[in-house]
Each structure stands twice: as C-alpha cells, then as structure tokens.
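Should a chain be cited, it is by its letter among A, B, C and D, assigned in written order, with residues numbered from 1 in that chain.
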Amino acid sequence: MALLVEKTSSGREYKVKDMSQADFGRLGLELAEVEMPGLMACRTGFGPSQPFKGARITGSLHMTIQTAVLIETLTALGAEVRWCSCNIFSTQDHAAAAIARDSAAVFAWKGETLQEYWWCTERALDWGPGGGPDLIVDDGGDATLLIHEGVKAEEVFEKTGQVPDPTSTDNPEFQIVLSIIKEGLQVDPKKYHKMKERLVGVSEETTTGVKRLYQMQQNGTLLFPAINVNDSVTKSKFDNLYGCRHSLPDGLMRATDVMIAGKVAVICGYGDVGKGCAAAMKTAGARVIVTEIDPICALQALMEGLQVRIYLWFCVGLWWESGTV
Amino acid sequence: MALLVEKTSSGREYKVKDMSQADFGRLGLELAEVEMPGLMACRTGFGPSQPFKGARITGSLHMTIQTAVLIETLTALGAEVRWCSCNIFSTQDHAAAAIARDSAAVFAWKGETLQEYWWCTERALDWGPGGGPDLIVDDGGDATLLIHEGVKAEEVFEKTGQVPDPTSTDNPEFQIVLSIIKEGLQVDPKKYHKMKERLVGVSEETTTGVKRLYQMQQNGTLLFPAINVNDSVTKSKFDNLYGCRHSLPDGLMRATDVMIAGKVAVICGYGDVGKGCAAAMKTAGARVIVTEIDPICALQALMEGLQVRIYLWFCVGLWWESGTV
Amino acid sequence: MALLVEKTSSGREYKVKDMSQADFGRLGLELAEVEMPGLMACRTGFGPSQPFKGARITGSLHMTIQTAVLIETLTALGAEVRWCSCNIFSTQDHAAAAIARDSAAVFAWKGETLQEYWWCTERALDWGPGGGPDLIVDDGGDATLLIHEGVKAEEVFEKTGQVPDPTSTDNPEFQIVLSIIKEGLQVDPKKYHKMKERLVGVSEETTTGVKRLYQMQQNGTLLFPAINVNDSVTKSKFDNLYGCRHSLPDGLMRATDVMIAGKVAVICGYGDVGKGCAAAMKTAGARVIVTEIDPICALQALMEGLQVRIYLWFCVGLWWESGTV
Amino acid sequence: MALLVEKTSSGREYKVKDMSQADFGRLGLELAEVEMPGLMACRTGFGPSQPFKGARITGSLHMTIQTAVLIETLTALGAEVRWCSCNIFSTQDHAAAAIARDSAAVFAWKGETLQEYWWCTERALDWGPGGGPDLIVDDGGDATLLIHEGVKAEEVFEKTGQVPDPTSTDNPEFQIVLSIIKEGLQVDPKKYHKMKERLVGVSEETTTGVKRLYQMQQNGTLLFPAINVNDSVTKSKFDNLYGCRHSLPDGLMRATDVMIAGKVAVICGYGDVGKGCAAAMKTAGARVIVTEIDPICALQALMEGLQVRIYLWFCVGLWWESGTV
C-alpha cells in the first residue's frame, strides 16, 4: 500500500483500506452503541458542556467497532482525534472507514507491514507544526515509546550532531523506529520535544505497557504523567476473564470452523485470562487440561474439575495417550 | 426386633422403629407436601368424591417422607392402606412413625434383616380373612412375586399335598420366601388364591420389576393386570436423570462428609442415570471419567467434555497415573 | 450474475462466485477432514473397491466446507457428482471454488436470487441426454420436488398438450419452478420421466423434507424410494443438540460482534434444538428464558434452572420489566 | 446437661454428649485424614522432632471431624490440647467422643445452651494453677474475649475491690460472660492475668474475630500477639468460595430433603461466599436471583447469567409474580 495520506472532502486526513465499507461500519457502530451504555451516557451527560473542546487526542489502540464508539464519544465531547491501531492485524476495515469518513483522522488497516504500522503511528502523533497531542490513549505503549525515543535522539543530535543509526540494532522493528525518528530529525530537530511539552499525559491499557512505564518512572526517564488503566478492576476482572471467555471460542470458530465439543483443550496458565479461556472451553464441551506452576491457581483449577498438569507430565501423558488410545 | 404387630389406640396395625419420631415425621411431611403439587391437587380435586372409598391398597415402596405424602393422598381419596418398604435400608423411621400414628398400617424400619423384610411384605399384603388388597403399588416387584410364588405353591399343594421346601434352593432370600409361603399354607391353603382373585392389578415402578412382568406375560404366568409406570417419561427422563443428579451428591456428602470438588469421579455407563450422575459430579467440581460401551452414549459423554474410556484402558491409565503423578 | 455455465480446463461444468478462492477453500477442507474421521475412513476402506464407480450423484445440500468433504468422499469412491446448495445464503464460496476446480460440478454461491437458486438446482440435476442422477442427496427436498412437479407436468402435457402456467399460482417461488419446467418441456417432453426412471432413490436430511416424503408416500405419489436420514440418532441427538449449541453463539458473534454474557436470551421451544440453544446461551453467561407449551419439555427447562414462560406471560413480563427496572 | 467434668481412665477431662459414638467418630476421622494431606504431611515431617513438646494449646473452633484431624496433628507434634466449639450447634458428637476418648480434653456437644457454651470455653482455657495455654486457636474470638474481659475485671477488682455486675448489661450472653469472670475472681483474682502472661499468642480464623483484634490493636488494648488466618488466600478464595459451594446444597438437602432443581434461589450478596452459593444453586438446577448493591459484584453476577435485583425491586417482583403466574 502506497503510504500516501488521503483527505476527505472536508479536508480531514486518513489512510484506510476501503472507504466504501463506511456504511457497513456505521451499521456495526449502531449495534455497538447499545452495548456501551457508559460511553453513551458520557455523550448525553457531558456533550453539552464540551469538556474536551479544543483538546487534541491521539489514540494507538485496536481500530475496531468498539474503539470507534470511544472515538466518537471523544469527538462528541469536543475533542479532535487522530488514531492508529496498536496491532498490525486488529483493525476492522469497516470501522476504520466509518470513522475516517465521519469523525476523525484514522491511519489503520488490517494486515499492515511493520513499516506501515510505524508510519501510521507517526501520522497519528503528527498534529502539524504546533506540536503533538494533548492526550494519548495508548495500548501497548508504542505511541509513548516513539515520543521517548524521539526526545532521546533529539538530545543526542543537539549535543553531538549525530542522528540515530538504524543499523546499530539487530531488532528489525526498532530499526524502523530509528529510521522514522531519523527522518523526523531532518525536518524538525525539535519535533518530539514539542510533543512532550504540549502533552498532558497518557493512559495505558496493557500489562506490557504499564510495566514499561513503571520502569521509566523508576529510572527517572518518564517524560509525562501516565494513568494505569490496566489494573482497574473493570479491566482485570472483566476484560481478562469475561472478555476472553467470549473471544476465545469466537476466534477459534471464525478461524477454523471446527467444533469445540469433544476436543481436548490445553490452557497454559490459570490466571484471570486462563480462567476465562478454560470456562469457555469447558462449557463448549471440550475437556480442559490446565498447566500451571502457581500452587494457588493450580488448586483453583482442580476445584473447578479441570485436569491439572505440570508441563513435563502433560507432554509425557500426550505421548502415552497418543500411542495407546 | 421381635416380629410382633403393634396397634394404635384406634386399633390400626403397625411395626416401626420409634413411634416417638412421629412429630418429626409430620414436619417432614409438611415440607414435602409443598414439593408435590400434583398429589396435593389430587386431594383437592378428588377428595370430595372419594373415588377410592372402600379400596384396599398395599404398597411395597421405599417408606420415605415422599411416599408418606402418596399414602396420605390415597387415604384422602378414601382408600385403606397397608405399607412396607421395598428395600431393607430405605425407610425413614420418622416418616414411618408419622404414617403409622396418623394414616395407615406400616411395617417398615431402616436396617431390616431379610427375614424381617419379607415378614413386613407379608404383613402389608395380609388384609385378614376376606382376601388381599384391591391394588398393589409395587417397586421392584416383591409383593407381586410373593403372590405369584404363593399361588404356585398352593396349586402344587392342592395337587400333591407337598409344601414348599426352603432347602430346595441355594438362594438365602428365596429360602425365606418359601418359608413364609409354607407357614401360610398351614394356616390357609387358599390364602394367595384369594388375594389373586380380589386383586384388580398392580403398578410397577422399576426396570427390574417391569422386566419380570413382561417375562411372566410372555410365559402366560402373569396372574393379574399390571401397569408399567417405569417407562413413563416423567420416570425415565426425570427420576433417572434429575433424581440421580440430586441424590448422588446428597448421598455421598451424608455418607462421607468429604468434599467432591477436585476429586476424580468414574461413572460406569452413560444412560439417563449415568448422565444425571455425571452432571452432578461435574458441576460439583469433580473431574469425570465415563466408561461406556454404547457408541452413541459414549459420543454424548464426549460432547459434554467428559473423558471417555473403555474399561481396560481406564484401568491401565489408573495404574500409570498412580505410579507417576 | 449471468446464468452461464462455465467449464474447467478438463471440461467439467460449474458456476461459482470466485474461482480464485479455491486455494483458501482447500485449506478449509484440510482442516475439516481431520474433524470427519467417519468419511475419511470410508475413503480408506472403500476407495480401492470403488463401489460408486459409474454412479451419478446429485446433491442439493448447503455447499459448505463440510459438504465438500462429503463430495470428495463420494468421488473418491468412484462417483461422478453434480451439486447445488439447498439455501440461497448457505454456500461458502471458497468451498464451492475448491470443489469446482478439483472434484465435481458445482452450481452455488452465497446470496443467490430465487431465480438463480432454481437454475442451480436444475443444473445439478441435468446430466445430459442420458437421463438424470442415480442417487440424490437432498436436504429440504427441493431436488425431489422439481422431479415430481416435472413428471406431473409432462403427464398433463402428454394427455392435453398443456404446459404449466406460472401465473396459475400466487407463490413467487413456485412460479419460478413452473417456468423452469415449462422451458424444459419445450426442449424434451420426457426429461423428468427419464430422470425418474434412472433414479435409484433419494436420501433426505430434514424434518421438512421427510414430512413431504411421507405425505407423498401416503398419497401414492412418491415416484422413487427415499431414505429418512433426518430421524437417525446421530442427526436428531447430535446435529440438533450439539450442532445448535455450537452454531448459535458462532452465528450471533459473527453477525453482531456483541457480547452474549449478561444478556437475556429467549428461546422459543425446548426440543433438541432449543435444548442446545439454551445450553449455549446459558453457558455463555446469558440469562435464559424459555417459552414452551409442551409440559414435559417445560419441566425439563425448569429442572435446568431456566425461567419458563408461556408466551403471553412472557410479553406481559417484558412490558412490566421494561417500564420499571 | 449437668455441668460436671468427666474423666477418662487415664485421667483426661472431658464433657461430651455420648462417649459410645467414639468408634463412629474414629471412622469419620479415617475418611477425613485422606482429605487433609497437608496436616498428615505435618505429622510425618514434624512428628519425630516434636516441635510442640510441652506446649499447651487451647482451641475454640467447631468440634467437627475435620477439626479432630487438626487436634490429633497438634498432639502428634507433641502438644497437649484442650478444646471447645465456637458455636452452640456445630459440634459433631461422634467427633467429640473420639477425641475425648483418644487424644485431648474436649468440652463440646451439639445443642449447647449459652450458659453451657461459655462453661465449655472456660473449661478449655483452664489448665490448672500454672496459668493458661501457650497458644489459642480461635474462631470468632470468644476465647480471646474471655481473657480480655477477665483481665479488665481483675484490674478493676484490684483497684476498687469491685466485682463485675452481670445486671449492668442488657445483653444476655454478656451477662453470662460476666458471671463466669465474677466466679473466677472469687477463686483466684489473678486467674486471667496468669493466662495473659503465659500466652504466646492467638490465631484467628474469622472476619468477625479479626475485626475485633484490629480494633483492640488500634485502641492499645490487645494483650498478646495475634495471627490473622482469615485473610490468607487459602481461606478467602477456597473456604469461602468452594467451601460454601459444597456445604450449601449439603445443608439444604440434609435439613429439608427437598429437590433444589427447578427452585428459585435468592442469594443476598455476591462476594466470595455469595459466588460459591450461587454457583452451587445454579449448577443444582435452581434459577438464581442475586441481590447486590456493590456495582462490580453485581456486574460479575450479571456476566454469569444470574438475575440481579436491588432488594426493593426484588420484593415488588415477587409480589407481582406471585399474583399472576
């Protein structure tokens, strides 16, 4: 896909797979709005007072139908929004099309290359000469990472005149990040500093992202305030447990069209995510085996009637059963 | 226990463990009446017209609280009732006491010897010189068996003068049956013939009893009409399935005081009874293994997420697991 | 879609949506083959002896991946196959493409018009001048219907010279059927008679189709033998129960992307299909209300902890709850 | 029951309902030992080194079979033990008999009066002239309370010569506590001080008891160290959840002999205890309604497919349904 920004008739930027899917996306949005009464109540309650009037919000979070409802809630409260996905496969192209057409600047499609992914992230952060966003909605910390790496490189450049060297790392993804920063430096050697200065803060939704943030806080390298959304009870006790209980069979059935009943499902780990997955497989009629090394979680699995194996004995058992029954 | 018939102040016969438990039994009856709206509706609907007026009903069926509600429904509709249990252990002594005191002639207690058991059965069938019952409520066919064997013995005696010889069989229980018939012959050589003549018919509730009845029908030896209650849908699809789902954990918990969650339960056979038992164990948190040779039932167990083993592999598996994990 | 038959390089006829999906379909077939060990065992066991050598089989049955495994089993056993779907929406286009390219004549795509649907059915039955198929695999009885109506019309035409009049019926679908027969008459006035003569018999998979067949049998109008597949235990006790338990949440999730947990699901009827649907919704975390008029089925629902309502009270309840809570 | 201490032939004190149940209790102990591998491993691992040699342990904790296994583990590790129950109804008389006969001083029976209850508690704490126990195993904090109130009264008595006045309180149970302390004062005005001095500490198992302890700690009135057993994960996440899931249907079935399937069960509160109870009722086939005011817990109940009502609407609903359906 040629990495060229397109514009709506009203001049808003976007890059999506297929703008003709916007109507289909709108249909999905209408279904989802019924399911998200909290956000909808925000629109009713805070829409009139426009608390986000003039605020620039950048999001790096799966560009799905549900995220689209979030985006349109932010715009309903007055914000301007630029968005990219936080995963190269998770975008729903009809959702992206609907948002691009109707509500916000979107740079996201299903099946991005890593090169395309970071281009999209950089586009979502680029609010033009006046600096970056006021707020970031981050999921995995990639937008946060780009700003931190950008600021670091600009400081080195200011002191030594050196630009980042993509060949200095073996990590192919980080090579791309460095290339993007390098190109940015040549246009505006204070680009990421301006972003940092304008930014009020970031909210982060994943364990991975939150861990990075705590590390930076400890090292004294965290450049702006961050809110840990990940550890809120509605995330860990609902998204992890009930979300996985819903989405695991959904994903398996869409991907394989194969019956779950009568299968043996092995769940590796019995934390909240594992508990949701095991419940989904068990109730769909699979026989569930759990591998777990934490004794409390293992005991919980046992109390739920699941077979618990440490990994070694699970493998031996597989070998034995496959040879005999 | 001395096998002496006792009498209430009103002259009704009985033999129970402990008449002082009658109040406690009445309490249980009051709870159970709420649970048995069908029988209670019979009392309301048919009580005034007294359709069983003058009818003699003998029951050979677990002398429990629930049976007590049945007995009092029969008497509420006008019947006279004599009752024994169909199992040496199943009597609830407080139920027997309440019925003996208030409603019908009962000969039953928890923990009968076989000798006592058949004495009780014979007592329940003995309505005095005028012949036996009009109707039998049988559960397992023992009352039916006693009449058939009695009639057979009386025919032999009439033709040959020979009385039954208990030593002619190795079966200790059948020895007792023959002894009772032998004693009866000496009092009245037409006792069981009179019963047969008065009897309108029997209702039979178990698979075992029904099989015996069909055999006698085929052999031409069935002496009176019989109703197959066992195969009614409310028996096979409710009593077998939901009854077992309720009573299996109940029995295990009362008998052992041991937690079911986390155990491995092996259910031998996955018919209606096995389905109810497996569901009870699974939902109580046990891991369930089913042994089954019928391919359809085995496949159903698999579809419910249960581990299915033919017996041999189950044993080998037990040996293997016990040695390693 | 222009109704023109296309041909593979080997000369086999087909009409599908998009032949480029054949590789994707083959992938699905490979997954499904693992799930269908019965059919695969047929290939191994009977492939060498080619019992269907020379047999012509026409199928009118959902053109899905799973059906594709059936088709390739028939061809592996020596049959020639022509296929159409039995529903205008049920074809999986990648399955149709794979079969069209590799194995059999297919006339099916997702989203047929009724006109297209009957054209496909007629194509699947048309084996050229030598008459029709030897066997029909029917699902809903449409192939069977077309032959019966065709034969009827040919008899009228032979006696009176009259051709069917599509305007003689208000039913728009039956108008199409009559049109097709009318056109056929003009080409070959014995077309359906020849089919009937060659045909050994039909297997029928649905309740609907089987009912039609029994009616024709009673009326003496059934033209060839039929096998009732619908009432086999592996259909009614597995497809209906476990199939629905699997496919209901699958369909809901694909169509709406909406979480099932926390919803109220109303299941109308608690037969095998309703039992499977209710189990799926309950275990996915929905609260299930069953409407049922059969007392046994209603009692079963109650025993499973489901709320049971007759339809009227369900509606009143909805009205009440919606107004108050 | 006359409150007279009895003695075994070896001279150990006890007061139980029926010593003849000791063999039956031993049977229960043997079953339970298999279920409690942790305690049994303590016997094997620490029995030889006798870490509790010479230690006096007083327990105030349900005198059940499972507690009996704990008591015999303590004695196997060298301790001397005196025990009472912490509830007037919870003693299993066969367990008490077995322990009294074989292992430790027990003062407990099913159906104590409050007077008897506190007499038993005082007996369990009374180790003779040399002071009280070294350790207390408390469940509800009653042994701890008695010592604290005793010490307080002894201090007042020392300063003012005043003894506690049972009529100074309306609480009938606390009147009994004060009477016991008053009698003790007349025998030995330093009785509870001596106990306090010898005591190393107490372990407390309930929320109630732990709350009292934290209050005393904050007020500076806690006389000895205490271990909060209640908040350990194996208590709150297993005993509360899985323990209740097991014991609720057990208790209902023993007490009422009534079928759970098909009933409506109302669970007030959806914490760990409520979750276990709801799961037990749901899987036994009841329809479960949860009343809950905490929004997170209410949402969890909803996600499990349970009907959630705030209390007011539950009552209105009951009234409406009872009048119409």
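One rule holds in what follows: contacts are C-beta pairs under 8 Å (C-beta built on N, C-alpha and C of every residue); 3 or more make two chains touch, one makes a residue touch a chain.
These figures come from a predicted structure and were not determined experimentally.
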item: B-C compared against C-D, more contacting pairs; value: C-D
item: Per Cα centroids, the chain farthest from subunit C; value: D
item: Whole-Å gap separating subunit B and subunit D, where each centre is the average of the chain's CA atoms; value: 42
item: Separation of subunit B from subunit C, taking each centre as the mean of its C-alpha atoms, in whole Å; value: 50
item: Between subunit C and subunit D, centroid-to-centroid distance (C-alpha), Å; value: 65
item: Where subunit C touches two or more other chains, by residue; value: 242, 261, 284-285, 299, 303
item: Contact footprint of subunit B on subunit A as seen in their complex; value: 261-262, 282, 284-288, 299, 302-307, 309, 313, 316, 320, 324-325
item: List of subunit C residues in touch with subunit B within their complex; value: 233-234, 237-238, 242, 296, 299-300, 303
item: Touching residues on subunit A, where the partner in the complex is subunit C; value: 28, 31-32, 35, 65, 242, 245-246, 249-250, 253-254, 256-261, 283-285
